[in-house]
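Look at the two complexes coming up: subunit A is in both, with subunit B in one and subunit C in the other.
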Partner chain A sequence: MPVQGIRAVTAARNGVGAFILQCKRLDLHYCDWAGSSRGMVAFLKHQLPAFAKENPQIEIRVSPRPHKHPVLRGHYINGREKAICVRNLEPEQILQKANLLKEASGEKLKKQKKPVTSLNESVRGIWSPYHGDLKSV
Partner chain B sequence: MFSRSTLRLARWTQQRPLSSPSLSVLLPQRACLHQSAAESQPSASPLETSSSTPAESVLPPTPPQTRADVPPAKQPIAPQFDSPVQVTQSLLETLPYLTSQGSHYISAHLHDRPYLVTEGDHVRLPFKMPKVKAGDIIRLNRASVIGSRDFTLKGAPYLDERLFECRARVLGVDAEPMTVKEKTKRRQRHVRKVKSKHKHTLMRIMELRVKTPEELLAEGAVVMEHSATSPRIEVKA
Partner chain C sequence: MKRLQLQQWSGSALSPRARPACGRLLYAGLRRQTTVSSTTTDAAPAADAGVATSRQLAQAPVLAASSQMSRRLLPSPPVEAARESAKLAALHARLYLPSRFPLETLARTLVHASADPNADFNNQSLATLGDDLLAYYATEHLLCTYPRLPLTVVFAAMYAYVGKKTLAAMAREWGVELAAAPGGEVDPGLLQFHRITPGTSLNTGPITGTTRPNDDRTSWRRGMTSRVVYDDHFGEPTMAPGATQQSTSNITPTVTAEEASATFVRAIMGAIYLHAGRPAAKRFFSQHFLSRHLNISELFNFSQPARDLSRLCAREGFESPVAKIISETGRKSRHPVFVVGIFSGKDKLGEGAGSSLLEARSRAAVAALKGWYLYSPLDVRVPSSMEEDGAAPWKPVYIDPGEVVV
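Right, the complex of A and B next:
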C-alpha cells in the first residue's frame, strides 16, 4: 500500500487572493415616535443613501422598532453579529458607528499579545541536535 | 498639497505611454503594483520630451491604475530613487540559492518594530493605522532579514527595498475588550477608573517575493565592490 499523506483541508485566508469584507448585512432599526431616534431618522433620510452607495457589498435593511431605542446591528460572515444602541446620537456619530461595524472582523473582542498568527509551518524547521556541524566548546 | 498633486499628475502622464495598453486593460488593479512599472526615469529620455508637451488637454483620462474608485490625483505615488540599487558580485552569485528555495520569511519593520511574517500570515498591528480602509494594499518596504530554510539575506541594518516585494492587505479594524484600571491616591477614598479600549488594524500578508539577480540587473542594478554595509547571504549552520 502506498504511503498516503495526511489530508488537509484548505483554510480560508481572506485577502491573500480575493478580499471579502466580513460585514455582510447591516440592520437599522428606528422608531417614528420616540425622541431618541431623532438622529437615526435624520441619518436614514440624508446619509444612508450615500453610505449604501459606497458599500454595495453590504446588504442594508431598515425596519421600524416601535417604542424602543434605535439600534445598528451588523451581521458577519462568521455568523456572529454586533449590535450598537445609537439612542440620542447625532447622524455623524451614527455614521461613525456604521463605519465601525463595516470594518470590524466580526470576531469576539480578544486581548492578543502576539501580533502575528500564522497557518504556515516554520520556514526554517525545528532545531535538531543531530544535524548541522559540530560546535567546538 | 497642490505641488504634490501636480507632480503626481505629471508623473502619471509620463508613465502612460510606457505601460502597455493590453496589460493595463487586463489587469487594472495590479497594473501599478509592480515596481518595474514605476522605475525612476532618466530625465533626458525621448519619452519625456514627447510627453512634456501639454498632454493633459489632448489625452483623455485613462482609468486609474490601482483602485478604480480612487481619483487619479490621489493614486499612490510610485517611489522615486536617486541611484540604482547597488549589489555586490558575491550577492549576485549567492542570491539564486535563496530565491530558488521554497517558502520565505521576512522580518518587516513598521514604525521600527519587526514583524516576522511569511506569506498568508495574519498581522494585528498594535495600533490603528490612519487613513487606510479595508481592502487597501500596503507595500512593506523596510526589512532587515529575508530568509528561506537554509539561507538568510541580512541587511546592515536594513535591506534595500528594491531587493524584494512584500505586500499586505488591510482587512479592517479590530478592538480589544475594554479594560478598567483603578487609580488611587493615598489617604483618599476616591478611586479614579481609567478606561481603555484600543483599536488595531488587521492585515494579511498577500505577497512575499525575493527578486532574482536577473530581475535586479534588468531593473538597472549596479555591481559594486564589497563593503561592510552591503547585504550578504548567510548559510544556516
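Right, the complex of A and C next:
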C-alpha cells in the first residue's frame, strides 16, 4: 500500500468557532448567623438573580455553611476549582469576585511569555542556514 | 432541488409515545416522551413543552405523590425532571442551543441505550441520525477541500473530525459530567450509561458478524476499495444489525465512557437537525467540528515515497523525477546535512534536508507527494450549500483520478 493514514484527534480551539464558557458551576456558601456573611446574604437576596440570569451557562448552587465564613467556589471544565473567601465583603465586591470566577479559565495562573500562541505553523517558516546566499568566512 | 419533508421520516424520533409495559406495569402510560407537543410542528417552543409537562403531571397524581420512590424504579430520569435540572439548563445555554431545542430532548440525548433499552427514551435514534449527518458534512468538506487525498488519509481525517475519540473529547470540553450509574432518580443533566466492568478486555480478537462477506476468514486481505463498499466512514467493519442484537439480548449491555460520550454528541447533532432544521445543524457542525484544528499533512505515512513519486510522475506525464543535491555541509563530519531537491525536468517538485543522502531524498519525495496530494482549490463549495435559499448555480467540483496505484 503506497500511503497509510495516521489516526489523530482534532484539537479544540475554544472561541474560533463556538465559545464554551469554562466556568461550569458556582457554589455560594453563606451563614445565617455570622456577621461576616452579611454582605453575602445581601448579595444572594438582591444581586444573584440578575447575575444568574445573565450567565445561564453557569449552574449556581447556594447552600448554608453554618459557623463558617462565606465562600465562592467555581468549578471548571478542566476539572479544577477555585475558591474565594468573601468574608466581610460588600455585595458589590462579591459581584466582582463572582465575575472573576466566571471569566477564569480554571487553569493555574501563569505568566504568558509570548504575545501570540497558536497551533498554526508560522507563515514565514523556520530560518535555514542552507538557503539564501551563503556567507563565506 | 427537492426539499425533504421532516415529518414523513422522523416521526418515530419526534412523536409522543407511551412507554410500553415491560415489567413496570404501574408506570406504563404515565411516562411519556414529550420532546414535541404535537406532530403538526417539528419546532415546539419551550413554552409548549412546559405546558405539555404540566398537563401530564396533572394526569398522574400517583406519580407526583410518591415521585421520589417511583423514580427509583425507572431506568432513566422521567421526562418532567428535565425542567427541574440546573445542570441541563446550564448545558443548553453553554452550547448556545436554539430555543426551539427543548430541554426534554437534551435530557434524552444524555441517556445511552445501555441505561434505558427503550428506544423512545434513549438517544439511539437521534445518534443514528446525527452520525449520518456528521459523516456527510465531514466527507463533503474533506472531498471538496482536498480532492486529491488518498483514501487511507481520507479515512484517517474522517476519524480525526468525527471519530469516537474526538467526539468523546468534545463532550468533555462541553462540561458534560458522567453519572456513576443510571437510574430514574439521577439528575438528568448527567450522561447516563452502564459502565463496562473493569478488567474487561476490549480487543476480543477477530470480529465476526459484520456486513462483509467471509468475515470469518481473518487472513483474507481487506482492500481499500472494498472498505468503501462494505465498511463505515472510517474504514472499519460495521456490525450487521442482526448480529449485535443476538449478542446483547441476554446480558445487560455495557459501554465505555468514550463510546457513551460519542453517542451523546451524535445525538445532539441529530436532535438539532430535527428540532431546529438543516441550517442550524450545519452551523453547529462548522462551529464545533470544523473549527477544531487538524493538520492534514501530518496524517500521511509513506513507506516508499521515492517509488510513489516516480509512479505519480509517470501517470501524470511529467518527466521522471531526479534527485539533486542543492547544498550540503560537513559531509565528512559527525553531523552532516544534505539539502536535496527532487526535480522533474526544470521544475522543483520538493525539497528536504537530512543527515544522509537517502534520508534527504526521501524527505524531498515526501514533500513533493504532499504538495500533490494536499492540493486545495480556491473558493470551495460543498454540495450541501445548494440547500440554502437563493444558492448560486452549482459548478462541478474538481475530481481527481485518485492516489497512485503501486
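In this section, the second predicted complex is superposed on the first by the 123 of 137 C-alpha atoms of A that agree within 3 Å, B and C clash if a C-alpha of one lies under 4 Å from a C-alpha of the other, contacts with A are read in each partner's own complex, and residues count from 1 in each chain.
The rule we apply is simple: a contact is a pair of C-beta atoms (placed from the backbone, for glycine too) under 8 Å apart; a residue touches a chain by one contact, two chains touch by 3 or more.
A quick note: this is a predicted structure, and the numbers were derived from the prediction, not measured.
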{"item": "Touching partner for A:Val71 - first (subunit B), second (subunit C), both, neither", "value": "neither"}
{"item": "Which of subunit B and subunit C A:Leu95 touches, first, second, both or neither", "value": "neither"}
{"item": "Which superposed partner A:Leu119 touches (first subunit B, second subunit C, both, neither)", "value": "both"}
{"item": "First, second, both or neither for A:Lys111, with subunit B first and subunit C second", "value": "first"}
{"item": "First (subunit B), second (subunit C), both or neither touched by A:Arg13", "value": "both"}
{"item": "Contacts of A:Glu103 with subunit B and subunit C, given as first, second, both or neither", "value": "first"}
{"item": "Partner chain(s) touched by A:Gly132 [first = subunit B, second = subunit C, both, neither]", "value": "first"}
{"item": "Subunit B versus subunit C as contact partner of A:Ala42, first or second or both or neither", "value": "neither"}
{"item": "Which of subunit B and subunit C A:Cys85 touches, first, second, both or neither", "value": "neither"}
{"item": "Set of subunit A residues, in rising order, touched by both subunit B and subunit C", "value": "13-14, 16-17, 21, 119-120"}
{"item": "Of all residues in subunit B, those that touch subunit A in their complex", "value": "103-105, 115-126, 133-135, 147-149, 169, 171-177, 179, 200, 202-206, 236-237"}
{"item": "In the complex with subunit B, residue positions of subunit A that touch it", "value": "13-17, 19, 21-22, 100, 102-105, 107, 109-112, 115-120, 123-125, 132-133"}
{"item": "List of subunit C residues in touch with subunit A within their complex", "value": "86-87, 89-90, 92-96, 150, 152-157, 159-161, 163, 165-166, 169-170, 172-175, 189, 224, 286-295, 298-304, 307-308, 311, 326-327, 329, 337, 339, 353, 369, 373, 403-406"}
{"item": "In the complex with subunit C, residue positions of subunit A that touch it", "value": "1-14, 16-18, 20-21, 24-25, 56-61, 77, 119-121, 128-131, 134"}
